[in-house]
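Structures incoming, each one as structure tokens.
In the two complexes that follow, chain A is the common piece, with chain B as its partner first and chain C second.
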Partner chain A sequence: MRIEDVVCPFCGCLCDDLVVSVEGTKVLSVENGCTLATEKFTGDHRLAHPIRRTGGAWEKTTYDDAIRETAEILLDAERPLLYGWSGTFVEAQTLGVHMAELLGAVIDNTSTVCHGPSIMAIQEVGHPGCTLGQVKNRADVIVYWGANPIEAHPRHMSRYTTFTDGFFVKSAFRERKVIVVDIRETDSSEIADEFVKVTPGGDYAVLTALRMIVRGKGDLVPATVSGVTREQLFRVAEICLSARFGAIFFGLGLTMSRGKSKNIRNAIELTEELNRHTKFTISPMRGHWNVYGSNEVFTWITGYPYAVDFSRGIAFYNPGETTSVDLLRRKECDACLVVASDPGAHFPRACAEHLASIPTVQIDPHVNATTHLSRIQIPVAVTGIDAEGTAYRMDGVPIRTRKLFSTGYPDDVAVLGRVYSLVKEAKG
Partner chain B sequence: MRVILKTRPRKKPHVPIEAEGIIPQNFLRKNDLTVYEGNRERNLEDLFFVTVEGPAVSPDQVEIILTGDTGRIKRVGEYMNAGRIIIEGDIGMHCGNFMSAGEIIIRGNADAWLGREMRGGRILCEGTAGDYCGAGYRGEKRGMRGGTIEVMGNAGDFVAEYLSGGEVIIHGNCGDLPGVEMRGGTLVIGGNCSRPCGNMTGGTCMVIGDPGELLPSFRRNGSTEVEFGGKKFRMAVFRGDVANRGKGTLLVKEEAIISRSGRDERL
Partner chain C sequence: MAISLVAYIREFARWEWARKFLAARTAPLVIPPYFRNYPELTGKTCTHHLFCMMACPAPGAIDVIRTPEGWQPRIHIGHCIRCGLCVEACPNGVLSSGRILESMFRDNTRLSFSFKIDVDLDKCMGCGNCAVACPVNKLIDAQMSHGGRASTDDLLLKLSDGKCRVLHVEKCTGCKTCEHHCPNEAISVARLLEAVHAPEEVP
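Let's look at the complex of A and B:
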């Protein structure tokens, strides 16, 4: 059976034009998708049933027992952490936040090791952003800063920027200029009209220099700034100033390098400065397909986008204090529930070690690095393949993912709903 | 009056304690103070051996002494307005938040956000301080507004972010971006740092050690002589951050500038 307009649950692009052929519960082929999408739909390493660690070995257990034990672990903890959420749909995320409030837990999503600093900067100076449709139809200057879309978001360029024509950009190839800023040559930098190579950790100074030039204080810019020549800085500023509509996209090269949120703040202030002369926007290249959704859900329920601490009964937010990596590094948590993400693979070693030393429960369809740190793993359906639910694209547009077939696995809402009921019963 | 709070051994010593109730005015008369251990509310006596010596009629006669395993206790001295707190060891985050008067002395190290949004009074940290010492809360437009923080050791990143008034003195080194977004007050760094005063709009920052790389957005504006720790230093004066129409002052040791002049054509 051929299913059209399938939404891809892999990266923040959330492409909604895939054509997937299925037979029973098997995906035969994926059209329009990138390699990452094909791999996600055809990959098949699902855990068959819940597992539980006893002694040094895994044993098979039932959903009933696994869910009951999960609730007991969380209720017993003085500082439980509910981490992940970016790989599931918003209905499940909503349940997670309500459960965190009941438990007095800390709830955090993967922005904490990703675009969290971007949100901190936005809280300081705002976000001059737009949807990807605006970029596609209007932008004649595209800047990728600290991002490598060809490898990380393979269809970003062909759906929204460099390789696609828009309503006001009739011939993208001729009319769109692409600037790539990175610390090394990448596949993306090869197709750039202007590649700016910055010494690692030097982005803040380069952004400052560009702001000075746009503001008319270019006389003060020295011969080189963080490895970038004065001439190139002026050239880049000129390209931006002569744009009709410019769009800056930035990735983890900017958020997770030295300066962190201050880099993003500087980039936003450059965007504001450019807006005195022409139209410019700035947007983060979000990673997980529904990480934006987790920020939305957390914010509409608690007022804060990630790292929300309910231990005092009210929501408190302070990255650096209530963020997962910091909590785990300081060994604060005494229990952890991981939903739809893989901190075992992405967190620093000290954090993974602490996860292994406390009761950690994972709710995830697949066996991954976190499985090896967990006491219990409960497999669920994969949203966008055998479960459906709402997700938010990287520009904040909600898109409902589709269910291609039924496998009999419960979805995240079914499992979390039962844990929530047990917690609610105990808390009264 | 002297109140001695000695920590009791805990089953989970890493779980943080939030104790904004530990301020001098709360000990004037006997009341049931509670603190939070993780998500559990506890009586002060459950976590501390409490000894009270002598009387007091006003909060400025109260001295609190914290001893034992105090490195995980957060928010001690929050909103304090009189008296004195002496911490014999390390202290957790947010010590002296919003304090307006009185004195806090820390014999060990302080964790992040020491004296966050402080309005007045004095904090002395004899060890090292963490990140965001004398800074503001996330998204807040003003950090510390008055009073003095003195750190004898080093401090972390983003020291005195959004500093708006008062004085922060770090005798050791600072991390990255001290005085970032600074808009008033004085920041003195006795040691080294990197990228001081990014985006500053006002106030004065003085770096006695090596300032590391300077941002390109500071305009040289003569030199001056200052005194620090009983010694005189010849300082280069910069105005900035010009990317932000800033009118702040950054003083950097002249020798540090000369040794770097090969790399920086402004000098």
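Let's look at the complex of A and C:
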């Protein structure tokens, strides 16, 4: 059976034009999707049934037992952490936030180790952003700063930016200029009209130099700024100033290098300066599928986008204190529920060690690095493959994903809903 | 110095030599009909296949420009080595030089282009830049060039199972847009030029 307009369940691009052929519960082929999408659909590292650790070995358990034990672990804990949420749909994320409030827990999503600093900068100076449709139809200058879309978001360039023809950009790649800023040559820099190589940690200075040039204070810029020559900086500024519509996309090269949120603040302020001359927008390259959705859900329920602490009975947010990495490093948490993410693979070693020492429960379809740190793992359906739900694209557009076929797995809402009822029952 | 000056004058001051030099008559220089000069336009319509540029062995010797009358090849004298390959490669006889067109017609020969696209599946990330940028795809399916959604299997290039697949290589025009815009250096386009006798069909 051929199913059209399938939404990809992998990265923040949420490509919604895939054509998937299925037979029973097996995916035969994926058309229009990139390598990452195909692997996600055809990969077979699913966990078959819930497992729990006894002694040094895994034993098979039932959904009823696993869910009951998860609720008990969370209820026994004094400072539980509910982490992850980016790989699941917003309905499940909503349940997570309500459960965190009942438990007095800390709830955090993967932007804590990703675009958290971007959100902090946006809270300071705002977000002159736009949807990807605007970029596709209007942009004639595209800037990728500290991002490598070809490897992380393979179809970003062909679907939304450089190569796709737009309403006002009839001959896409001939009319559009691409600037890539990175610390090393990447696959994306291969197709850049201007590749700016910055020394690691030097982004803030380069952004400041560009702001000076745009402001008309270019004569104060020294011969080189963080490895970038004055001539190139002027050239880049000229390309940006002569744009009819420019779009900056930034990745973790900017958010997670020295300067963090201040880098993003500087980039947003550069965008603001450019807007005095032409039209410019700036957007983060959100990586994890529905991470934007988790920020939305957390914000509309609690007022804060990530790292929300309910231990005081009210929502409290203080990045650096209530963020997962800091909590785990301080060994504050005494239980952790990981949903739809893999902190075992991405957190610092000290945090992973603490996760392994406390009762950690993972709700995830696949066996991953976090499985090896967990006490219990409950497999669920994959949203976008055998479960449907709403997810947010990296530009904040909500998209309803499709269910291709039914498997025996319950979805995240079914599992979390039962944990939530048990918690609610116990809390009264 | 003085001796050589005297010898020089003695040589050229001879009457017999001077008379021959001034009165000699040679046959006038005539360009023979078989002479292969720089290619000239025949007035036939250029269809912008660019085979002339692809066949040309001399860098910068020929390009095709858009004029108010349509596409037109332009020869750059000084770069052109007058080999005549462009004349032979043109499927429409837009260019002419010496007797090349005549002998092609008489002998029923032709220089034929074909193209081969190789995709290194290990390198390909399936980003789709090639399929979206491809000008042939653009003509076949507007949805493809407006965001990479393939709505037909008549395309030249298409993403399938996460990799770029070549569906109809016979539609390739050899422009190499895909090759130039592949960030993974996974695509290479080979232009095969072969001389054929009694071609069955004219491209």
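The rule we apply is simple: the second predicted complex is superposed on the first by the 428 of 428 C-alpha atoms of A that agree within 3 Å, B and C clash if a C-alpha of one lies under 4 Å from a C-alpha of the other, contacts with A are read in each partner's own complex, and residues count from 1 in each chain.
By our rule, a contact is a pair of C-beta atoms (placed from the backbone, for glycine too) under 8 Å apart; a residue touches a chain by one contact, two chains touch by 3 or more.
Just so it is clear, the model here is predicted, and its values are computed rather than measured.
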### Query
Now for A:94: first (chain B), second (chain C), both, or neither, which partner does it touch?
neither
### Query
For A:154, is the partner it touches chain B (first), chain C (second), both, or none of the two (neither)?
second
### Task
Could you tell me if A:199 is touching chain B, chain C, both of them or neither one (first, second, both, neither)?
neither
### Message
Under the stated touch criterion, which partner chain does A:78 make contact with: chain B (first), chain C (second), both, or neither?
### Response
first
### Query
Is A:165 contacted by the first partner chain B, the second partner chain C, both or neither?
second
### Message
Contacts for A:407 in the overlay, against chain B (first) and chain C (second): which applies, first, second, both or neither?
### Response
neither
### Task
State whether A:232 touches chain B only (first), chain C only (second), both chains, or neither.
neither
### Message
A:38 in the overlay: touching chain B, chain C, both, or neither? Say first, second, both or neither.
### Response
second
### Message
Taking the superposition on A as described, I'd like to know which of chain B and chain C A:131 touches: first, second, both or neither.
### Response
neither
#### Entry: Contact set on chain A toward chain C in their complex
17, 19, 29-39, 42, 136, 150-151, 154-155, 157-160, 162-166, 172-173, 187-188, 190-191
### Query
Along chain C, where are the residues that touch chain A in the complex?
124-129, 131-133, 138, 145-150, 158-163, 181, 183-185
#### Entry: In the complex with chain A, residue positions of chain B that touch it
12, 14-16, 18, 36-40, 93, 112-113, 131-132, 137-139, 158, 176-177, 180, 195, 198-199, 213, 215-217, 219, 241-245, 264-266
### Task
Flag every residue of chain A that touches chain B in the complex, lowest number first.
77-80, 103-105, 120, 123-124, 204-205, 208-209, 211-212, 215, 217, 220-223, 225, 258-259, 262, 265-266, 269, 310-312, 317-321, 330-332, 334
